[in-house]
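Chain naming follows the written order as A, B, C and D, and within any one chain the residues start at number 1.
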Amino acid sequence: MSGVLAIEGFRVEAADGTALVRSVDAEARPGRPLTLLGETGSGKSLVLAAAMGSLAPGLRAGGRVMLDGTEMLSATPSARRALWGRRLATLPQEPWLALDPTMRALGQVAEVYRLVRGMPAAASAEEARARLAELGLGGVAALYPFQLSGGMAQRLALAILRASETPVLLADEPTKGLDADRRDEAGARLRAEAERGRTVVCVTHDVAIARALGGEVAVMLEGRVVERGPAARVLERPSHTYTRRLLEAEPARWPELPPRPAPCGEVAVAAEGVCRGFGGRPVLCGVDLSVRRGEIVAVTGPSGCGKTTLGDVLLGLLRPDAGTVRRLPGVVPWRFGKLYQDPPSAFAPHQTMRQALGDLARHHGLAWDAIAALVERLRLAPALLDRRPDALSGGELQRFALVRVLALDPVFLLADEPTSRLDPITQREVSMLLGELAGERGLAVLLVTHDAALAAKLADRTLRLRANGTDR
Amino acid sequence: MDRHLLGRFLRPVLMRLVQALLVALIIGALGFALMAALPGDQAFRLAAARYGPDMGDAAAAALVHRELGLDRPLAVQFLDWVGRLLRFDLGHSLVTGAPVLEELAMQLGYTLALAGVALPLSALLGLPFGLLAGLRPGGPVDRVTLGLSVLLRAVPAYALGLLLVAVFSIRFRWLPPAGFEGWREFILPALTLALGLAALSARVARDSVAAVAASPYMAFARWKGLPERAVVLRHGLRNAAIPVVALLGLQLIGLVEGLVIVESLFSWPGIGHALVHAIFARDVPVVQGAALVMGLIFVLVNALVDLACALIDPRRPRAAA
Amino acid sequence: MRVLAPGRWLGLLLILALAGFGILGPWLAATDPARQVLADSLAPPGTGYWLGADHLGRSMLARLAHATRLSLLLAAVTVASAAIPGTLLGILAACRGGWVESGLVLLADAVLALPGLLLVLLLAAFAPGDFLPLYLGLALAGWVEYFRVARAMARGMLARPHVEAARLLGFGPGYVLWRLLLPGLLPTLGVLAAFGLGNAVLAISTLSFIGLGIHPPTAELGSMTTDLLPYAHEAPLMVLMPAALVFVAVLGCHLLAGRGRA
Amino acid sequence: MLRRSLGALGAAALLARPALGHAPAVARRSGERVLRVVAPFEFAGPDPARSGHVFARMGVGEMLLGADPEGRPVPMLAASWSGSPDGLLHRFLLRPGVRFHDGSPLTAEAAAASLRHAHAAASPLSRVPVATIEAAGDAVLIRLARPFAPLPAVLANYASMILAPAAYDGAGRVRAVIGTGPFRVERFSPPLQLDVGRFDDWWGPRPAVGRASYLVVSQGEARATMAESGHADLTMGLQPVTLARLRRSPRLEVLTLPVPRTRILKLNAASPLFADQRVRRALSLAIDRHGIATALLRNPAMAAEQLFPPVLQGWHLPGPPPRRDLETARALLAEAGWRPGGGGILVDAGGRRFACRCATYINWPELPPIATALQAQFRELGIDMAVGIGNSSDIPRGHRDGSLEMALMARNYALVPDPLGTLLQDFRPGGGDWGAMGWSDPALEATLRALAAAEGDPIALRRQAARILGEALPVIPIAWSELAVAVNRDLAGVTVDPFETSYRLHDIAWAG
């Protein structure tokens, strides 16, 4: 079983002549996976599409993409199609969208045996069951995709690809849309595929995946490969500045934050024995917590353990079923603020930032100058004020969200996964800012996050919630 | 598993059942209240409808009044009607004297026959265009169907019917402009109805096909190595059918409204025509009976559409909840 | 400002043209739409009448212009009376929840259980030929759509972080309603209303055509078609004119609504 | 009362073409051409009082007597008849050997029972002062409470149809049309279709046409198109505008016949507006009858300045064609105290505007346009007349409660072939629902009474009545009517009955 994918001098131009990818060279072979690492727009997905032979019709490609001697760029569509499912297969982005919503899990695996590999129905089902069991999906064979979690859907997609046993496996952003605690699993799964002797090519922005996968890494920036080499070397001793910045954006690699004065202020919020359930199901049970001004407390734990619920209870957005919540007395409610996980959804889509902040200033009788100063402090260009949320990046929006909260001189800030939807470099910037501001303004911050490394870096202390909603 | 299935099929049926009761109650109350409040003495109108204008005079009205007990208090008349309704007795037409149920059954036959021709015809006209347009969004077929559908939906149904009559009956004399005897009489009313419905179904089919064709699961099915035939048959058709079947429920409103107009235009002896007539004549039992039957069929077909959707779309109950 | 797609511009243009015709037409015709000269029965266009004269020798131009104005006005009033309460009730239901919402949803479901036309027919029978029942029927059958859309969207928006954020920032319900919910709802409701306007024009003329809408001698596009139908062979153009105006009005509204709605 | 379950309704719904209820279904003989009659008149249930017009016209049911083209009674089921000298006892001797469609013989008892049903229903017979109806051997005896000359004409009305005893249920309701005519009901689907087939045991000569259908098409334009395209063999109630076109069709023959139906304006003479005879005359003079007849009825000869058309010989008065005279009308109104006021509308001494509302209805499609024309014509005099198009029943109701001011209607003076039957209703003291309102005239009453009792010279009396009505104008005549029928040239032997009692299908044969 061969399975060598060689890319030489590959380039893509848009119909108007704009260069999207300029001269990419890379190679993947069995046992030596290839990771294309880069941010959205770096052209890495185009490389994958070219390898698959599914480049959009308007694009002009040049160079060579060879799969075991077949030139994919010049091959006829039907010739390329004949390779799908036999020589190469792709693990789609967001597999839960790529599974047929109206077909049970088993059928989606079994049809590969039946229709691609020509096995009889009973044997196909048998094999499919075995593949599901291998990936720990034995119990969900009769379920539909909508009944599966994101991680399960990805494993189901992998089971389908295992069924086709292609020598080459392409993976497009395998961690997109997955919770942080599922990302490591995805990397491990891909590595397992590579260890089974398949040629794995992975496109990602996630350094952790590249590290987990090993093999060769090509770092892409603006359509170019800026650095290429064995994963161990590139990820440990990057030579290109961009690679370095990428790596430094990982929370574990952040430099030490400037020291904050020890939290001395009064307790901004405190919870004692707080319980809260939804629809009869307890989510939080007997949690005690207090956050002082100037202190950052992180809450971590697996999905569904009640991290956000705890924050909302502290803010007063939810009423606890039992226990008590105390907030700093004599402080108006709007000085307890919140930062959201998905920055675009935290702004009214039809308002520009100037309108939103202007309304805030008017409502609370604040001077516009104070807000303008904050905008500047958070390193936001004044021109951005006249944009609507859909014209701003996640990082910019999150900083505007900070402006909005800080304008009201908060004592407490619930930061609910404030950086999980941001790209690594922005994530770092926003996190640093948060750290600085907590010290600067005597702000009590409750940081809700999946990311233990981030929590360790940023927080003064960490509360780990267990899956059953207790803090013990 | 069983609970899931029960939830999928039983709950929508139960909800529709409640809706059916609601319909009966509303139509009973509304119809009666409206009819009771109508201007003009009911007996006079009935006399005119029964005996024609020439014989519809005060003496005839007095006769009608006595015969039907219209001098009883309204509340008594209404309770009487509700009581009979609960025994599934819709009473007798005040105009013809025939049992309402019997008359409605006959008219319903005609209406269902017309709808039975018009609906498949609209599918035949609309779906292929929608399919072709959806496979090449933005292509020439798509643009032409979009244009035709927008134009067609702006033509009032009566004008469309008149236009068809002008062309097929008057200009070319191929088809009769009225009547309901044989298959030739079906064509123009059914076509009038079907064209209006096809304009809508072509768009829905187009959007559905385009969405499915561009969906990641169709791409994934191809990447799996499935032959194109299997991709379309196993993954495309069923998913594309979901909105189209759901549209049937929506089509039904258009169908009911279209039926009233087309039946009036072509003098088709269906339930819509009967309803319009009964309103003119203040034939309370027929108005209520016809509205009730139309409302209940509306609910029934919606329930069938629900079931069909639940059959082809496993996500249905969750989406509805 | 977001720019309208070309198709929607065309729709707006058509509606404005019709409105202009409705306003300027009577002035152009310079005659009363009820004034008749029996000797000029079915006079062809040109001969002293811009668009000819109908069977009673009345100016078609004057009548068409009056009918167009009537149709557009009545449709607009109907749509407004359906859209405004429907939207407000939808928002109320979404905000309040509880029995208020359950009650309103039940009411809406009850209205939806009947095809809208049935309701309009029953009400139109109240006083055939009058504006009021037609208006009431269309508005009563129409509010549900706005209610459902407004409620669903408002629920979605209320669950979105930006509304929660506004509350946390100290904004009151008034701000949430006027500055967050309504501007967010408006584009969708505008599409709905443009579509509804077209359908109201259609419904008014259709009901008048079958004799359950506005009665002659009031000039109305549907009943003008009925009136002139017997003369279709002698003056086909005149039968066509009112129907064509309905077509243009509905086309304009549908185009303005855009292809966002199936 | 039948109890049925909704289940039965559902089952019936599944049958696209359910069989109908009232007549025994007869297997359809295929191959034979069906004579298709297309008409605008809908029909209701099987009761002759409601739908008898269709059964009589299609030759299903027959009456004791018929009428000749002049409206004189002729034998039908009664072979002969005689009356006592005091005009109170009438004897109708039945035609022997007549059978009903169910095979039962026509007996005097059955005929008397049918007439008693008709007398109890809303029918012209119910307005006759009948004392008893009974069978005596082969004859039916009708005893009257007082003389009533138009009795034979009333018996020729469709509501006086003779049906078999089996046609009635226990409560006396008609449940099936079992008549004696040349055709029997094959399929009865009210309100739009009736199929009939030849009745082989009819007493007359065997009809040439084996099968016929009656189809209601309410749109005049659609009827004309069906005639043109050959989808209708006999098309009734053609609208004036379509006539010229149909006459050009090589496939059709168009027959027109004046019929005694007059479009009249009913005035509430009890209202202060119309109490003055000068006002009524002014209104009459203001009407452009010629214009209306030409533009809307397409026949200037239909312009009517008197109630009775020439076809009603003896009632019609010779005279000059009608003329519009606004000058005289204005002068008459001025004499009556109406002066021009604000907005060009007349006002009386008390400052009351001359504004009224005219009710009309759509059963006759020409009425709303005529009303609209009148509205404009009266406006020229300074009269503000609103038009209300509603149900025909608004007129008798408005008459009864006195709320009616003015009504435009079409009145058939040959509902029973003798106009006297109708006039006695319409112009009785205090007025009639479809005649005068708030107006009476002793001279007219005496004249009509004498006619009913068959006293004096009928010709002179009729003219006398017509003259009184023409001068006092309790109702203002506007236009007469003609019946227009399009006949497919495949048919031979078609004749038109001006009283519309029968289409005479039994006389028709397929040509060639």
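The rule is simple: a residue touches a chain if its C-beta (ideal position, glycine included) is under 8 Å from a C-beta of that chain, and two chains touch if they have at least 3 such contacts.
This is a predicted model, so every value here is computed, not measured.
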item	value
Shared chain contacts [chain B and chain C, defined touch]	A, D
By mean Cα position, the chain sitting nearest the middle	B
Most remote chain, CA-based centroid, reference being chain D	A
Cα-centroid distance, chain A relative to chain C, in whole angstrom	48
Euclidean distance of C-alpha centroids - chain C vs chain D, Å	42
Chain B and chain D, separation of their C-alpha mean positions in angstrom	38
Distance between chain centroids, defined by C-alpha means - chain A, chain D (Å)	86
Chain C residues counted as touching two or more neighbouring chains	128, 211, 229, 232
Contacts with 2+ other chains: residues of chain A	none
Touching two or more other chains - residue numbers and ranges from chain D	219, 390
Which chain pairs touch, all of them	A-B, A-C, B-C, B-D, C-D
Complex interface listing, chain D residues touching chain C	219-221, 239, 241-242, 245, 288, 291-292, 294-296, 362, 365, 368-369, 371-373, 375-376, 379, 387-390
Partner chain A, residues of chain B touching it in the complex	1, 215-217, 219-227, 230, 234-235, 238-239, 242, 312-315, 318
Chain A residues within the chain B interface of the complex	52, 54, 81, 84-86, 89-90, 92-94, 97-103, 111-112, 115-116, 142, 144, 146, 157, 160, 164
Residue numbers on chain D that touch chain B, as the complex places them	1-6, 8-9, 12-13, 15-18, 20-22, 38, 41-42, 44-45, 47, 49-50, 53, 121-124, 126-127, 159, 173, 189-193, 213, 215-219, 222-223, 225-226, 228-231, 361, 363-364, 390-394, 396-397, 399-400, 409-412, 415, 425, 432-434
Interface residues, chain C side, partner chain B - complex	109-110, 113-118, 121-128, 198, 202, 205-206, 209-212, 222, 225, 229, 232, 236, 239, 243, 246-248, 250-251, 254-255, 259, 262
